[in-house]
Each structure stands twice: as C-alpha cells, then as structure tokens.
Amino acid sequence: MSNSVTQIQKADTQPYVNPETITKKDIRSVALRWLFFNTSAWNWERMQHIAFAWSLLPVLKKLYKDKKQLGEALSRHMVFFNSEPTIGTPLIGAIAAMEVEKAKGEEIPDDVFNAVKSGLMGPLAALGDSLFASTVNALLLSFGMGLAMEQNLLGPVGFAVVWIMITLGFVLWGTQIGFQKGINLMDTEAFSEKTITTTTNILSILGLTVIGGLSASFVNLTTTVTWSFNDKATELQVILDGLMPKFLPFLLVLALWYLHDRKNVSVMKLLLYLVIFGAVGSLLHVF
Amino acid sequence: MLWESIFIAFFAYLGWIATPWLGGQAIAWYVFGRPLIAGTVVGFILGDVQTGMVIGATINALYIGAITPGGAMAADMNFAGYIATALAMMTKVSPEVAVSMAVPLGLIGTFTWQAFATINAFFAHLADRYAKEAQLGKFTFMLLGAPQILAFILRFVPAFLVLYLGAPIAEQVLKLIPDWFTHVLTVVGGLLPALGMAVLLKMLVRETSILAYFILGFLAVAALKLPIFAVALAGVALALISFSLGRKEGEAHV
Amino acid sequence: MLWESIFIAFFAYLGWIATPWLGGQAIAWYVFGRPLIAGTVVGFILGDVQTGMVIGATINALYIGAITPGGAMAADMNFAGYIATALAMMTKVSPEVAVSMAVPLGLIGTFTWQAFATINAFFAHLADRYAKEAQLGKFTFMLLGAPQILAFILRFVPAFLVLYLGAPIAEQVLKLIPDWFTHVLTVVGGLLPALGMAVLLKMLVRETSILAYFILGFLAVAALKLPIFAVALAGVALALISFSLGRKEGEAHV
Amino acid sequence: MSNSVTQIQKADTQPYVNPETITKKDIRSVALRWLFFNTSAWNWERMQHIAFAWSLLPVLKKLYKDKKQLGEALSRHMVFFNSEPTIGTPLIGAIAAMEVEKAKGEEIPDDVFNAVKSGLMGPLAALGDSLFASTVNALLLSFGMGLAMEQNLLGPVGFAVVWIMITLGFVLWGTQIGFQKGINLMDTEAFSEKTITTTTNILSILGLTVIGGLSASFVNLTTTVTWSFNDKATELQVILDGLMPKFLPFLLVLALWYLHDRKNVSVMKLLLYLVIFGAVGSLLHVF
Amino acid sequence: MLWESIFIAFFAYLGWIATPWLGGQAIAWYVFGRPLIAGTVVGFILGDVQTGMVIGATINALYIGAITPGGAMAADMNFAGYIATALAMMTKVSPEVAVSMAVPLGLIGTFTWQAFATINAFFAHLADRYAKEAQLGKFTFMLLGAPQILAFILRFVPAFLVLYLGAPIAEQVLKLIPDWFTHVLTVVGGLLPALGMAVLLKMLVRETSILAYFILGFLAVAALKLPIFAVALAGVALALISFSLGRKEGEAHV
Amino acid sequence: MSNSVTQIQKADTQPYVNPETITKKDIRSVALRWLFFNTSAWNWERMQHIAFAWSLLPVLKKLYKDKKQLGEALSRHMVFFNSEPTIGTPLIGAIAAMEVEKAKGEEIPDDVFNAVKSGLMGPLAALGDSLFASTVNALLLSFGMGLAMEQNLLGPVGFAVVWIMITLGFVLWGTQIGFQKGINLMDTEAFSEKTITTTTNILSILGLTVIGGLSASFVNLTTTVTWSFNDKATELQVILDGLMPKFLPFLLVLALWYLHDRKNVSVMKLLLYLVIFGAVGSLLHVF
C-alpha cells in the first residue's frame, strides 16, 4: 500500500499518526483487556505474554497503521511476562507510554522495554501476591465468612462487591497512573519504599490480628480424654477450657506455622501429617 | 440432577482462574472461585442458599489467603468449593465432612491447570507468527478462542462428570460409611483450616515478635467472643499505634 | 410551678459563666453550669432527682468538653441544661426528646452572653477612671455591682419567663404533637451527642494515627461492655505504655 | 497626707512599706479574688482586665499606700487581659511578684508588665482550654454521666467534688508558685516544653479512649430497614450488630469528626445537617 | 490424728529450704515448700485433696514470688502452708480464716531458719579442718550429717508438736471464738494477699510507667473475666509488642 | 606415700592424672551434688561454702590423687560463697574448668578463683532471685493456683512438674556450659547485657500483667457501707462495682506497692497495718 511507503519515510522524522491522540479511553481499553484476559492464554513458557501484547493493541493500532510496524511492536511484547494481575497494571500503563515515546521518534531499543518489564514485574508481583491477593483478600473474606456462618447473605455478597470495586478501581487507576509516569513509575510517592514498608507493616498487623480471630473461629479440635481418680471423673477438655477456650486449636496453628515457616516443611507434607494426626487421634478416641 | 449438575459445572468453569468472562483471574478466580461464593452459588442452584453458604464458608477457611505465585497452584479451591459443596449438599453431610471431601478434590483439580498451562505453550508458538504478521484476528483467536475451548473442556467436563456420575455413587458410599469414619472425617475437617492459617501466618510473620498480634486476635475471639469485624477494627487500632510509636522523631506526621 | 420556676431560674443564674457567687467561671460554669449538675438540681427542685439526673446526663453528652475559647460560646449549656430538663420533666418526655429541646435553648442562651460582654464594655470605661483615681469602692462596684445586676437580669428573667410561661404552653404543644414528630425528636436526640464527641475529637486528634485509641475505647464499651471508669483506667495504661515506648533511649525514667 | 510625701521621697531609694511583708495569705487573697470574679465584668473590649486589676489589690494596697501610686498601679493593669481562669493563675502570681520588685525600687516599666502578660496569657489559655477545661473536665464528667445514667447520685456529686478540689487546688498552688518564680515562671520544670508535651500526649490518649467509650454509650442510631428474600425477612440492624454492636454510631462520630476536622465544616452547619439527616431518615422510616 | 500429724510434720521437714532429699532448695523449697503443694499434700493425708488444695492456693497468694535473697527469710511459707492448712482442715474453717492463721505461723517459722543458719557456723569450722586434711568422710558429714539432724529436729519437732497438741486446742479455741472475730479473720485474710502482690510489684516495676501492664492484667480478670492463662498469653503478646517497638532501627530482628 | 612425691615432682610440668579425663558425667555429678545440697549446711558466716567445695569433689578427686593437694583444693573453696541455687550453676562449672586448667599446670593463684567467684556470684544471684525464683516461679504458680481454685489437681501437679523440669534442665545445662566456657563465661551471648535486659523487660511485662490478674482474683475487699436518702438505700459497694469490679482490691494493692516501693515501708510494718486496717474496718462495720 502507498500508505506504508509514506509511513516509512516519515518514521525517521515523525510518526504518521500523532501519538498525542492516545486518549484516556484508549488506556482504559488496555486496562480492561488486561483485567479480563491476563490469564486466558497462560502457559509455562512465557506465562502472560500473549495477553500482554494483545492488551496493548488499542494503543499500538493507533500508533502503527502500517502492518509491518504493528507486527514488530506486537512481537516486541511476545516475550516472557508475568506479574500480579491487579497490582501489576501500572507497569502496562508505563509500557504503553514508552510505546508512545518510541512512536514519537525517541530511540528506545527493545532491550529497554525488556529491562523495564523485568525490573518491575517481579517486585510488583511479590507485592501484589502477598499484600493484595493474599492479605487483603483474606481480610475481606474473613468478614464475609463470619457473616456467612450466621447464615447472612450479606457475607458473600458484601465480599464480592467490595473486592470487585477495589480490583476494578485499582486496575483502572493503576494503568492510567502508569501511563502518566511512564518510565519514572517507581519514583512516585505511591511506590516509594517508605509507603510500601508502612503499608506492609500496617497490613501485617491487621492481617495477623484477623488471622488470630479466624483461627479461633474456624479451627476445631477438642479432646475426649477422661480419667478417674477417687471415683471423680476428670475431663481433660474441661481443664484445657479452664486454661483458655480453644486451647488446642491455638497450639495447632502455631505448631503448623512453626513447622512450615521455621522448619520448611511443605504444605503437602503438613496436609498429610494433619490427616494422619486427625485420623489416628480420632481412632484412638483421643479426639 | 442433570440440570443442576450442568449449572454448577458451568459456574465452576466461569469461576476458574483462566476464564475471562466474569472478570478474569482477578475477579473470576478471586471472587467466583472462592469456596465462600462457590458454596453460595451452589446453594442457590440446589435451592438451599443458607446451607450452601455455610458449607462454602467452612471450606473456604482451608484456602483463606491462598495465592498462586508464578502459577504455582497448591490447591484448586474452585474445584474444592463447587464440587465438594454440591456433593455435600446432595448427600446431606455436615460442613466438617464437606471439608474432608474438599481436600482431595482441591488436589485433583490442580491437574487441569497444569494441563492448560502446558498445552497453551503450543498455541503460544502459533501466536508468535500471527503477531509478527499482525494478523490480528488469528492472533486474538490464540487468546480468546483456542485456549478458551480448552479451558471449557478441562473444567466443565470433569466437573459435570464428577457431579452427575459421582453424586449417586457418593451417596451410596456415604451410606455404607461407618460412624467411626464419619467421625474421622469430622475431626480432620476441623483440623484442616489450621493449615490455611499457618500458610497465611508464614507470609505475614516477618519477625517472630509480631506473632503477638496473632495471639491478641485469637484471644479476642476465643476468650472475649468479639465478632471478627470488631477484631479487625481492633487490629486497625493496633496497627496505627504501632505505626505511630514506630515512627522516628522528626518524621512527618500522618 | 411559681416557686419551682423561681428556684430553677435562680440556679440558672448562679451557675452562669459570669456569676461569681458559686466560685466563678471555673466552678460555677464548669460545675453548676453543666447539664449533669443542672439536671440533678432541677430534679431536686421538682422532687424527682433520679429523672432529672438522667435527663441532665443525656443532655450533657451534647456539650461534653465544650469550652469558650476567648469568650466564643457556641452553645449555652447552662440554659440548655436547666430549662430543657425542667421543661422535659414538667411535660414528662423522654431524655432523647429533652436533648432535642436542649439544642435550640442552648443556641438562644448564647445571646445573653453576647449582650453581657457588650454592655460591660461601657462599665469598663467608667472603671478606667475609678482605677486611675484609686476610688476603690466605685472601682469594685464596676466588677461586683453593675455587671452583676446586669447578669441577674439577663439570666434569671428569661429563664424564669420561659419556665413559668413556657411550661404550660410546651405541655399544650406536646399534647398536639403527633407520634411521628416525637420519633423524629428521639432520633435526632440520639444523633446529637455525636457532634459533641466530634468536637472533642478534633481537639485531641493531633495526628490521625492516634484515632486508634478512640477505636479501642469504643470497642471496650460497645463490644466488651466495660464500665466507663474501667475504660479510663485502660486508657491510662495505654497512655503510659505509649509514653514508655515513645521515650527515647537515654532519657530519664519516670 | 504627710504619708504620701514620705512615700514619694522614698520611692527613689526604697518603698515606704517593706515589700517583704507580702505574705502567703495576701497571695491567697489574690488567688481567691481572681477565682471568683475573673468573668464578672468580662467584656469584648479588654475581657478580664477589671478582674485582673482588682484581684491584685491585696498586694497593691500594701505596696502603695499613696493613692496616686495605687491609681497608677491599678491603671497599669487596666489593659487587655485574657487567659484560662484556672491554668492562667501562675501568671497573676508572677505579675504580683513583679509589682513587689518594682515597689522595692527595681526599674520595671509598664512595657515589661505588658510583655510578660501577652507572652504568657495566650499559651496558658490554650493549654488550659484544651487540656484542662476540655479534656480533664470531659474525663471527670464522663464518669459522672456514666454513674448518673445508672441513677447513682455519686455521679453528679463525685464530679462536682473532684472538679472543685482540682480547680481550687490548682488556683491556690498556681498563684503561689507564680509569685515565687516571678518573671522566670516559664523556666520551671512544671512549665517546660517536655512536661507539657508529655502531659498533652498522655491526656490525649486517655481522652481519646474515654471519648470512644462515651460515644459508644451516648450516641444512639439504629436502622429499621428490613427486606424479604424467599419469604425470609432480614433486618439490616441485625446484620450490623453482627459486624459490631453500635456500628452506626461509630461511623457517625467518625464522619462528623472528619467533616469538622478535615473539611472544616462548622459546628453550626453540622448541627443543621444532623437534624435534617435524623428527620429525613426518620420520616423515610430508615431510622 | 497421731499418724496424720507425723506425716504432715515429716513433709514439712522434707519441703524445708535446707532439706536436700527432695531436690534441695531449688526444688524442695520452691515446690514442696509452696503452700499450694503443701495444701495439696495435707489434703491427701487428711483425705480431702480438694479442700487442701483450695486452702493451699489461697494461702499461697500471700507468698507468691517470695524469695530469700542472701538468706533473708521474711516469712516461712512452708510452715504457713503445712501447719495452717492442716489446722484449718482439722477445725473446718474457711480458706480466708486459714490465711489469717498462716500469717503468725509464717512469722514464727522463720526462727527455725535463724537457728539453723547460726548453729551451722559451728559445724563450718569443723569442716575447715576436715577439708584441709582431705578427710572426705568427716567433711561430708558436716554437710549431709550433722546439719541434717539439726534440720530434722528444728523442723519436724515443732511442726509435729503444733499439730498434735495444737489442733485440739485450736478446735476448742475456735469454738469459743465469736462470730465477729471470725469476720475479722476473714476480712484480714482477704486483704493479706495484696501484700504478696505489692512485694512482687516492687521487684518488677523499674519505672512507674510499666505499671500499665499491671492495670491491664487487673482489668482482664476483674472486668473481662479472662482465665489467668489467657491473661498470661496476652502478657506475652504485650511483651513482644513492647520488645518489637522498643528495638531501635537497624538492630537485628528476632 | 610415694604417690605424693611423684605428684609433686610432676606438678611443675604436668599433672599426675590427665585432666582431659574429666567427663561430662563428672560435671553432671557436680551439678547434682550442688542442686541437692547447696543449702544443706547453710550458715550466716560463709553461707554455701561447704556445699560448694563438696560439690566439686568429683572433679577434684580426679585431679588430685594426692591428699595434700586435694586438701589444698578443698580449702581453696572453703571461703564465702553465695548465689542463687539454679541460675548460679554456670559459675560452679566455670570454677571446675579453672581447677582443670590449674591442674594442667597453668598458674592460677587462689586470688583469681576468689575474684571470679565474687565477681559473678552477686549478679547471678540478683538475676536468679528476681527473675527466676521470683517472677518465673510466680508465673507458673499463678496458673497452678488458678486451676487449684477450681479444684483441679492439674494445678499443683502441673506447677510441680514444669518447675522441676525447668530447674533440673537449667542446672544440668548451666553447669556444663560453665565448664565449657570457663573463665570467659560472661562473654557468652546468653549472659550478654543485651540478652539479660531483653529478658528482664519481657519477663517484667509478662509478670506485671499476670500479677494484675492475680491481684484481681486473690485479693478480697468489699465494703458494707450503706446509706439512705429519701427512703432509698444506697450500698457503696454497688456504686464501686459500677465504677469497676474489684475496685477496692485494686486501690489496696497499688497503695501497698506505693508505700513499700516509694516510701520504703517494710513488709513487717505493712503486715501490721493491714491487720489493724482489716480488724478496725471490720469492727466498725465498714467491711
């Protein structure tokens, strides 16, 4: 096509399409594509790469009308990518911004794209997995479960609504902020080490408190051991209750934590041990 | 039970980690994949929301805070949630027994994810070519098309089969099960959530001394009978105090 | 009701901010002006201490911690306390409705203070002269005499009139009041103390993070049902802990 | 009078009356005059000035037997003065001490009196208003109100007795200490920045804890919203109680604090909003 | 009562500070000398463990945390524990009255220790010689022999006499005791443990501000009715928090 | 004896018995001798000295076959010694190690033995008395007493078992560790100032919390004061309960602490005051 010729000629000086025309709406498009499809073609080889490239299309299509250039741009992102689906979004926005810079004529080799991606996708994944997907999810879930146990429909519904709002909100905000900051993403206050440390500390304390509460309500273990002395029967459980209600679940959780965290026993092994422990104890009439 | 099984299996598909239609991993999996929601949905379909919800919540304790870092899925909570709740309701067993049923299902379910992530690598190579040639239609098909057909097969089919064929069998089996075995299942079901908690603890305990907050939270529920939301509020208070005292002099106030 | 009105109005005068006889602002106003005490006094006079005390305490929640920095009086708690308690007891309404009645009275009452502080400026100029000439008697009269006559007029008279004339009217009016309106008054009466608390909070919260203690105090009463004195003791303990941990190394121990 | 002549002559060298004769009793007189009458002639122009000057009379009359001098001394204090009636007392003591110094022959121009006053009356007022008149009063009041709600006469009586004791005690002590320290008042340990910061912190925490408790007992708000689903009626209030007793009052107080403190909405406006909120909610059968 | 008195007196000897056979001071005195254990032992011997245990625990509150720094023995808890429990059980009085009986016994008992530690100085000089000459047998006798005979005489004999002769007298006396006196004993018995607590407090309160934890512990039991073990757990949590916040930045994590 | 001659000759170069033969078992012997007999010949003059010397015999007998030398060694330890029986054990181990060094031929005058002893026995005694014998004992005892009050035999039995295990464990471990470290005992991590401060702080907080709880359960004081007003009888105790359950015991313990700690009133005097207070109050029908 004649278009393509014109394009190639202009590439040296300025792009065919004015990159300024990338709108907030385009970025929202990117965000939503990513949100819905990030795991749709997930694979052990390059994980989220197809979803990543495809999510950028609303921007890429505007920047590169020429098929060859578009192909090159797409291919540039067909490399390993993996981050936490929600907290990772600022990175997608930042990459989109870099594409715009490149289309504007700035010299950005593929290496730089790869460097930015591999520099940030890991930390964001760690943050997202441990803080958001795990802690925040567990917190909200715990309220939901508590209400659900009292047969209250607000439990599941409330959990769903709040989680969806937070996720959607962050994904939309995060992609935009990433697009604004571009390559300087990690210098922003919201991603500063101090903010992250503080947030981590506060969420840890909050999380631990709630996990403590959840453990007390969801873990069940009582003993049926009884003995007699001078014709007076003593139930071990009554003694333990005198020490503290839910004494055994307390010990159990701490013991599992100790084995898992300090002795590096895998979840699989602990699962097995627990089943054996429960079965044997139950058959021996200890529980 | 045909239609019920179909519906439930379909939701098991919709709430799977790789299914995009309900909001992708971040929503489908973290909301509709959670046993709490799964149980509620199953309850709806089987006409007894309350029971489904309670079973779902109980199973969920096992998987609270469970994540899949780098695709490593220790247990398939979606499978555990939908199938175990459904089987439990169909065979009318207690939530504790349902938890014991959920565990093997959660383990088995992870194979579908392994298969999916392995086979997709093949589509990825096709996608490479379509990307280079900017064949957008075909390229898109490698994301929305082929893998989704695969996902549907990998998730809907086994879920449906287990439910439709398994339920009657399970019912028979459970009838034959002696009391002592039910007791074992109940005891084990009561223990298992401790593992979920321990996994979360590992993630949160950076230094041993902050186990203190775990202790306080535990006492708040066990000894003071506070509702969990009140415990969380107290946790917010403790976090703020720790923040305010930990802050070094001269730092900005919040 | 004549004598009762006279007595109550007289106490409303004695417990006013500018009246010296019961100990001046620091005691008359901060003790006898507080609705808690006002309610108790009114209860005595009307022959039912218990009821007066409860109404007074309820109204007081609205004005807890209220101060008059630089003479800025947002609400006249003395007027609110004496008159609203008395009207409420005479018309036998609930403490919550009494609170709703207290609010407008508290606002109206502030005008007497404005008038007092304005008119006194005139006496002040007379006082300047007597001071310079060391005419101690006249000088003293500008403090103990003229302004006190003014105070008596500004406080006793309106209080008495509102009570003596207002009570029968209020009774009539309240009879005509429909149930829904009483409900509105009750709801609003329950809300208003929140404002008193918020004003105090603003004064105490220097950095957001110490809201933590508010949360803990709230939970202590709402969820643990601790009596307020025990809550205060716990507050002392928390304050000491914060003090002891906040202290920098090397500082003197307390 | 011949007295006056003698006096004036001596003024250059030493006062007619030995200032040493100012006794503790005189200062107590000053303190009590101030306590009872500080607001008796309060006005927008110079606020507590008449009371201030008049309270010093027991001292001034002893120092200046001569009418003219006494008049001058009185006039010296007929200038703007305003402080918190209780916590402000050390300042009155200090001014009394300065008058004695002046009478002894030291050169203290009126400017210095004014400087000391205006330097200290503000900080002492701020301290007194927020710490004493507000926080301490609220604390004691809260015990009293708690007991009163249980129809216990010890509530109001106890509050009155303790408050009067503290106030009286501080006024008497404060005036004496002010008189002893004189112009060096603010250098004393009790008024050091450290003491004040510590006291403020401790009282804030104590105060906040108690306000939390008071909010829970004095603020009332429940909802009557109910809905049915599958023939099963659900009361919203029951759900909220499951979250936490007194959930709505908790939100309400925090919301009001936020608006008042962070958004600078005035008390008057908030009062209005509250009335409307309550009325509308009640009419719509929400509350 | 002959044999019972003998057994109890013998245990009073065995659980004495200087008796080696049950594990020496560190075990004999700190375990078998504690009124809690003494009461239980006496209960066994007199055929009512429960009562003995409760009386022992009640008396023990008086001596909680009691130590003998440098041999300074303020009260002989062994004597108080064994004799007071036995007398109380024989005369069937309440635990509070038993506490009141324990106090004088605890004081009197200390004389036996004074005597022991004084007379032993004499054996010590003999031991010097045997040591120098390495006469191991005789040297050993100065530790295991002579002092032990002394210990037996000093402890067993008075304990036995007080029990065997005292019990009937005590019974007679207690019969004659008027109600008001029993009331006095009960009141005093309720007060005395406060002294034990105060002594412990003195040891633990290095700076006034950490009294905070005393307050919290008190409230936890008095107002929240927590069992003491739960209180201790909360104490652990508070200690950890204080530790974690007190640690300076840059220090190693625990 | 010919032995003695040989021995003396060898002393200059190397000991008759190889000190390396001192085994862990020998040290355990020392530990147990000490544990059982440390107070058996206690006296005001030199306190635990006989027990100390006698406890070292299993080592000394192996080192010095010669009676004279043995006598000298024993005499060396017949000097004042006093430490807390449990926490003091590392010191005995260390002294045993020094005896071995000396027997090996190292020049260690008696002065050095005395210096090490008197340098360490005091601090270890203070630590042992206040931390272990008092606080830890009180903690364990408090659980025991709590259970005992509920007529639960696990109370006394559990206390006994746990205490014996801890004591025995420490004594055995402590003597061995002392023997290993020898003269460098106090340089070890376990005895570093930081470890000790931290342990002290943590145990203090734990101890105070528990003492608070114990005070609330073991101290009893209620008033029977009642008055009537308007035919309505008021019981003072009901009012106090409204403030806080166990209000009087709370005040009592704090008052006693204040007198004992801050005013240095002796336990004896306080005991007397308490008896008088209780008796008079009871006779006046106040309690």
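Per-chain numbering from 1; labels A, B, C, D, E and F assigned in written order.
One rule holds for everything that comes next: a residue touches a chain if its C-beta (ideal position, glycine included) is under 8 Å from a C-beta of that chain, and two chains touch if they have at least 3 such contacts.
Note that the coordinates shown come from a computational prediction; the quantities given were computed from them, not determined experimentally.
Visitor: Could you tell me which chains are in contact with chain B and with chain F alike?
Guide: A, C, D, E
Visitor: Of all the other chains, whose mean CA position lies farthest from chain F?
Guide: Measuring from the centre of chain F, the most distant chain centre belongs to C.
Visitor: Can you check which chain pair, A-E or B-E, has more C-beta pairs in contact?
Guide: So, comparing the two chain pairs, more contacts are at B-E.
Visitor: Same or different for chain D and chain F, where same means more than half of the interface numbers show up on both copies?
Guide: different
Visitor: Suppose chain centres are the mean of their C-alpha atoms. Which chain sits farthest from chain A?
Guide: E
Visitor: Compute the distance, rounded to whole Å, between the mean C-alpha positions of chain B and chain C.
Guide: The answer is 57 Å.
Visitor: Please tell me the distance, in whole Å, between the geometric centres of chain A and chain F computed from their C-alpha atoms.
Guide: About 53 Å, centre to centre.
Visitor: Using Cα averages as centroids, what's the distance between chain C and chain F in whole Å?
Guide: Taking the mean C-alpha position of each chain, the two centres sit 59 Å apart.
Visitor: Mind checking the centre-to-centre distance between chain C and chain D? Centres are C-alpha means, answer in whole Å.
Guide: So the centroids are 14 Å from each other.
Visitor: Give me the residue numbers in chain A that touch at least two other chains, ranges are fine.
Guide: Within chain A, residues 143, 146, 153, 242-244 contact more than one other chain.
Visitor: Taking each residue of chain B in turn, which ones touch at least two of the other chains?
Guide: Answer for chain B, listing residues that touch two or more other chains: 49, 206, 210-211, 213, 215-216, 219, 222-224, 226-227, 229-230, 233-234, 236, 238-240, 242-243, 245-246.
Visitor: Which of the chains are touching one another, listed as pairs?
Guide: A-B, A-D, A-E, A-F, B-C, B-D, B-E, C-D, C-E, C-F, D-F, E-F
Visitor: Show me the residue ranges of chain C that touch chain D in the complex, using the header's touch definition.
Guide: Touch list, chain C to chain D: 17-21, 23-27, 29-32, 34, 36-37, 39-40, 49-50, 53-54, 56-58, 60-61, 64-67, 69-71, 74, 96, 103, 116-121, 123-124, 127-128, 131-134, 136, 139-140, 142-144, 147-148, 151, 180, 183-184, 187-188, 190-195, 197-206, 210-211, 213-223, 226-229, 231-232, 234-236, 238-240, 242-243, 246.
Visitor: Give the list of chain C residues in touch with chain E in this complex.
Guide: Checking each residue of chain C against chain E gives 224, 226-227, 230, 233-234, 236-241, 243-245, 249, 253-254.
Visitor: Which residues of chain E touch chain C in the complex?
Guide: So the residues of chain E in touch with chain C come to 206-213, 215-216, 219, 222-224, 238, 242, 245-246, 248.
Visitor: Can you check the complex and tell me which residues of chain E touch chain A?
Guide: Touching chain A from chain E are residues 49, 227, 229-230, 233.
Visitor: Where on chain A does chain F make contact in their complex?
Guide: 229, 234, 239, 242-243
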